[in-house]
Amino acid sequence: MGLSLKTAVAIIEAALARGHELRLAPLTVAVLDAGGHLVALQREDNSGILRVEIASGKAWGALGMGIGSRELGERATKVPHFFNALAAASQGRLVPVAGGVLVRDASGIIGAVGISGDTSDNDEACALAGIAAAGLVGQTGARPAEA
Amino acid sequence: MGLSLKTAVAIIEAALARGHELRLAPLTVAVLDAGGHLVALQREDNSGILRVEIASGKAWGALGMGIGSRELGERATKVPHFFNALAAASQGRLVPVAGGVLVRDASGIIGAVGISGDTSDNDEACALAGIAAAGLVGQTGARPAEA
Amino acid sequence: MGLSLKTAVAIIEAALARGHELRLAPLTVAVLDAGGHLVALQREDNSGILRVEIASGKAWGALGMGIGSRELGERATKVPHFFNALAAASQGRLVPVAGGVLVRDASGIIGAVGISGDTSDNDEACALAGIAAAGLVGQTGARPAEA
Amino acid sequence: MGLSLKTAVAIIEAALARGHELRLAPLTVAVLDAGGHLVALQREDNSGILRVEIASGKAWGALGMGIGSRELGERATKVPHFFNALAAASQGRLVPVAGGVLVRDASGIIGAVGISGDTSDNDEACALAGIAAAGLVGQTGARPAEA
């Protein structure tokens, strides 16, 4: 089935609600399908003009490597030359820092959520909250979290 | 004031509702602020993977020239070499065909809506419906429609 | 399920076999998933070095618009400025000429096949042969062929 | 003579078979001719969407410098600014990490194999297995391995 627009909007609304609860800075939330294409995006008022590319890039990078962007960020600190090459190879579409979370259902990976605006830990927390609210499972590393 | 996220979401929802009334093909709707940056986007299920770029490009082109994309399309048929140059100059961000509508309030141009998925006339009709539903004024040409 | 590697290889082998039967020029065959990403590609000996981009671009364009590349080619002759804009918007990934065929199963569009090397009509014939051999349905226009 | 499609397919099949023996993550295998152009590619199910660019980039980088990508990776850790410049100069086509192996026959370098999906050491092991199975010689550094 893939990741429907209805699901994507539900994820965004729940993620932004979590951000408001935590009194975070204005967020931008991007939801991509498994092919790396936008399904829905919302940028809150006063969220910076590069936040669209950053939020999308966190999600795209997670899909590109099949690994959540938190782990990509950890790897990037160890082999920066490789991630510089990936940035170029992906034409800037890969942003290796926490806040890009793979979305799974029973069939496997169906898309990814990327958030930018506050600290990357807080961005990620909102992504996970949004995914959970939609009844789906988030993945921040190389494999699904254990139950 | 600019174009708020709340307004952008209202425009998208009304535009998609209009598309459903008209039984159109699945649409992608992009709302950009005056700086040409996405505020919100929704791509309906089964809307093609280039529709994000096309919808955004119609809106961006309208902002880029200060002219609604319907008139850009008419001009492009007369001076195609100029618009080919614009495509390159904008790095592919300008798509000169109807469906990109400038959004005005009393202060002037505050953003643009771009829609892709059905015929460009139908795309534009949905953009105008969405803008009107938000209490704003759409502009498809070089100047505001007369009252 | 999407378009598996096993299916992609079966499509390519049958498409190339058809080309040999018809004594065509050397072909390049690309099979993309629904997200526009390569699953498999084969370039026959003496098939030109740009054939990879052309074959991929026919398939990518079909997915990008949700329309087979034969119809894209027909539309491009009517509104060339729009397709010039699409070429730029897609960063050269859209090639609007026959030979890019959408692949459907019961669930809808699961990918696309693009072929380049001989005339575009012959390229398309081989794509359709390959898709049929894999038990799937090809689409060269804006909607599925009627049964 | 160059690197024929028949040889390229044989390399891919043997490389993937080796990956299955080692129970590796899903792999993407790209085979390029001496000019740096794809001859054949296969991406296994659930191999990430950027793996095509990474596998191709490892092989392309090896051809670009005439040095296997293992050694490129070692050099990149010493002079990262140079490899950042190479990434830009190659428009993202060079990925300096193990898994890109030059292919030699008696006449010299006839192409390169790039693999991505598991650790770079495992990727490389599969590339070498594929090349050997085709009766050819792999090169992971600046010069051929000694007999």
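Per-chain residue numbering starts at 1, and chain names A, B, C and D are given in the order in which the chains are listed.
Going forward, a residue touches a chain if its C-beta (ideal position, glycine included) is under 8 Å from a C-beta of that chain, and two chains touch if they have at least 3 such contacts.
Worth saying up front: this structure is predicted, and the values here are computed from it rather than measured.
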Going from subunit B to subunit D via touching chains takes a minimum number of steps equal to 2
Listing by label each chain that touches subunit A and subunit D gives C
Of B-C and C-D, the pair joined by more C-beta contact pairs is B-C
Rounded to the nearest Å, the gap between Cα centres of subunit C and subunit D is 26
Subunit A and subunit C have mean C-alpha positions lying a whole-number Å distance apart equal to 31
Check: subunit B positions touching at least 2 other chains come out as 49
Contact graph of the chains (line, ring, star, complete, other): other
Checked against the stated definition, the touching pairs are A-B, A-C, A-D, B-C, C-D
The answer for subunit C against subunit A in the complex is residues 33-37, 91
Subunit A residues touching subunit B in their complex are 2, 4-5, 8-9, 35, 37-45, 49, 52
The subunit C residues in contact with subunit B across the complex are 34-36, 61, 63-67, 79-82, 84-91, 94, 108-109
As the complex stands, subunit B meets subunit C at residues 46-51, 53-54, 57, 61, 73, 76-77, 80, 83-84, 87-88, 90-97
